[in-house]
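What follows is a pair of complexes built around subunit A, which joins subunit B in one and subunit C in the other.
For the complex of A and B:
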């Protein structure tokens, strides 16, 4: 594979952007309710417009933002922790963010504050997991994953505790949250989390040039002139911002940050300057498509219901995690 | 160009380095030898600016090391470390191009010139033909030569090596050291090399620093200090020193 050049970068980003737009256009028209093209463009049908702008489009935008945020944050974690199995979900950061947002919901806080709480708890979780898993200046892969799993279990325990002391409506909300879902009607929410995620993504993009050196390990990165401590803070901050934002709306959607960066690496190589934005775009397309599948899978049969998208990603992601783990085993030891 | 005065360093409370003073002129070639745990690697890390909380003074071209940013240090010092594990599928050329990091802006692409410098470095370490192969697919020796090429691509006037040929066969041991010697002679690059192999040390280094339990045991021109007495004292082992009749070089063998 040839090293990255500006023209390769531009053409790949262009291609992926076109793909994402195509996916969004496709997904807008697909769904349980048929939308009539002709009627829609003649602007004669209120109903079609409502479905499109108040049901499907916000959901698609949310899916795209969430997929993009989870995937690029996953890629950044993998670089920084030198671990291809790291992902907001497996690391326990999403679990921490979920705990923060559920706590906020339980207190009945407004949405922006809930997002902020999710961000703070994501950042605290990342710091805590990093601190626990670090042994004598090293970060062994298995310790990291084990810490993430235990931390997730711990967060779940607290969440279930909260679940048993809140009202029945909140119970339903919490369960939906734990599975992960993209249904929303609120453009305001989308704007808030779009802002958070966009800000985080901007920091990741700026840092991506140094992530290549960072992924070779702290010491090598220092030798190559990278201020490791500072960049670690930047990246943890940015990724937590993104994860906190999307988790506070969509709940726990797992594994997207695991397999999207892996696929991007297979196709375009490991250079983070391309990996970060390409993961964001691929992740956005992927989650949008997954959600379209989730929306339509059971509505055509006798069930007449919608699957939460977290079910789809977990069903795909679980086996993929095992595959990666088996493949990486020699590196993990 | 490198000057260290009364350097002390300790991890927790265990002293690792005690009262190290040394100065190395531009174009010098220093070997650091000593038994395991004598503080060789720690000393190298301090010179590379990795460990900060030392006592004493260390200057680089007259400037205190602690006053320089990471990027400034990396433009002056390149390091070939021991550990070469790489978790992601980078190609050899991509790894060598990372040597250009200290010369690049925060988010920038390498120019044609950077790629040329990287390829030239790969030519010198004889890995040019592996440029587009993945690091995972290379042998240990090939990987290490790629890492040396990365350090060369950094184009720093000082090169630090931490047992760069520990895992290489004899041909590549000689090739890498010949290359380092050539860079030292032709380009005036200052070299500090931590070595386990006494023969390589005596063959290539102009001067040798012998560490024992964190202190300088002996320091001086290679021929003068690498005597049987000194080495036996430092390593607490019996050795035999012979002489190559053709070149007059000393060689060292273990004695039971």
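For the complex of A and C:
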């Protein structure tokens, strides 16, 4: 592998940032309602202002934050567990965070407490799954995924239990949460989520060098001066913080955290100093685009309905997951 | 595997035996029309309401958890919730008739009840015509046919009366909201849309083929409704604080005429249960869309 140079880092990040900005501009431009930008810049139309600043922009900001958080956390999980199939969803962390938020919803808690509960349960589930799947200091891939799957099923069982004892209004809320969708939220809420996700991302960024060491194996990392146990906990903490925050608002959006880091790795290599920020930018662009599709595909037709963004990400991500598995199988032969 | 098959066989056998035993208990398993006024189980809130409106309240032996109208209905044994019906309870009540609607999630239970020889009526309630027809069918099945016919003509007369009052008035542009996040509205083909057409109101979601589409907030802003009627289940019409919370959500879309002119109204969605109660709902709706017209109740 060619070593990462500063110019490669800068040019890649620059390219991806430009791409994200382009995606955001495109997404602001596209929508169910037509906007006259000439009229808009003359600041005469209240209608256009509402559509842009109170309907489209908050939603695509939320999409970008969520996509970035899911993808960079996914990249971190994959590196820490040295497993290509690890992502917040398959590991069960998202399921845990969902359980926490739904528990909070059932109790009728305010939003900040729900986010906190989502974070705590994301962290607890990661810890639990790690503890269950660990075998003599190793994390066998199949055990880990199996544990994640079982843990997800377990969380869903409890969610369905909560679902059957709450009021009918809450049932609706829970179902939409499980489908996973982006909707227009207030800027305050987006700022809170952005804060959590940004904090987590900062921790991942300053740890990306040590993640490189860790991907060479625990022993090598130890020789390179990394306190492996503590470092792992630290990263799990940061990633779970991000997952908890975004899941508490958007519900369960699958596949983004899985296949974006892989795509980035295939194109730009596995150096975490580049992988982490590149995944974040790519994930942000991908989810923003997916959501633009989700909110426009059927709104201009006779249906006039929006799709949950989870439908789009799963439709694109599912086949990719299979491709990844098949490719890995070929390598083993 | 063998164990599993044995288990399956015994379950099937048990069910068959149950069917036979239950069949023996009845002299005539599926009698088309009972001579006496039958005992009834209602699996839908609106069916319970219709039964009470036909004066058959005392014949109801089982209702759902959500049958809250009229208040007397709440005292009757609960045999179902929104999602499922409790088969054992229904069978134990030995009803002559079980009534439910097409829009239900208890289809499997209904098949079992029919196998046990219990008469089940599954009726449509998608439109006003459906409500009229289904009310008459219930009347016929319960020996209250005449009362049903007069109830239906009374409903038709009341609707006509409301329509006469608003004739020639300029039609307002409106939207009926049923949930906020995601935004669910009454689209074309829904009962609400039919009522809006009836009242000469322009539904901005009328072109949607889906009855309850997830509407885009930008379509709501772009099509600028003059009146918003909010019937989301999470809204508690009797709780001012709760209503204020939802009003606040609308405030960020201040360009919408309904928001600007404070023309957002909340109604209890249960007023629109497809029974004769809907007349009250239509009247409340008319009051909101045509505030200058006086409607006597």
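Assume the second predicted complex is superposed on the first by the 327 of 333 C-alpha atoms of A that agree within 3 Å, B and C clash if a C-alpha of one lies under 4 Å from a C-alpha of the other, contacts with A are read in each partner's own complex, and residues count from 1 in each chain.
Note that a contact is a pair of C-beta atoms (placed from the backbone, for glycine too) under 8 Å apart; a residue touches a chain by one contact, two chains touch by 3 or more.
Keep in mind the model is a prediction, meaning the values are calculated, not measured.
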{"item": "First (subunit B), second (subunit C), both or neither touched by A:222", "value": "first"}
{"item": "Touched partner set for A:183, first subunit B, second subunit C, both or neither", "value": "second"}
{"item": "First (subunit B), second (subunit C), both or neither touched by A:169", "value": "second"}
{"item": "Contacts of A:3 with subunit B and subunit C, given as first, second, both or neither", "value": "first"}
{"item": "Which superposed partner A:213 touches (first subunit B, second subunit C, both, neither)", "value": "first"}
{"item": "Contacts of A:50 with subunit B and subunit C, given as first, second, both or neither", "value": "second"}
{"item": "First, second, both or neither for A:305, with subunit B first and subunit C second", "value": "second"}
{"item": "Residues of subunit C defined as touching subunit A within the complex", "value": "66, 82-83, 179, 181-183, 187, 205, 207-210, 213-219, 221-222, 224, 233-234, 252-256"}
{"item": "Subunit A to subunit B touching residues, read off their complex", "value": "1-6, 9, 78-79, 82-84, 205-210, 212-213, 215-217, 219-220, 222-228, 265, 269-271, 273, 331"}
{"item": "Parts of subunit B lying in touch with subunit A, wherever the complex brings them together", "value": "48-50, 69-75, 77-79, 81, 83, 85-91, 93-95, 97-99, 101-102, 104-110, 115, 132, 154"}
{"item": "Touching residues (chain side subunit A, partner subunit C) in the complex", "value": "31-34, 45-47, 49-51, 54-56, 164, 168-169, 171-173, 176, 181, 183-184, 186, 295, 299, 302-307"}
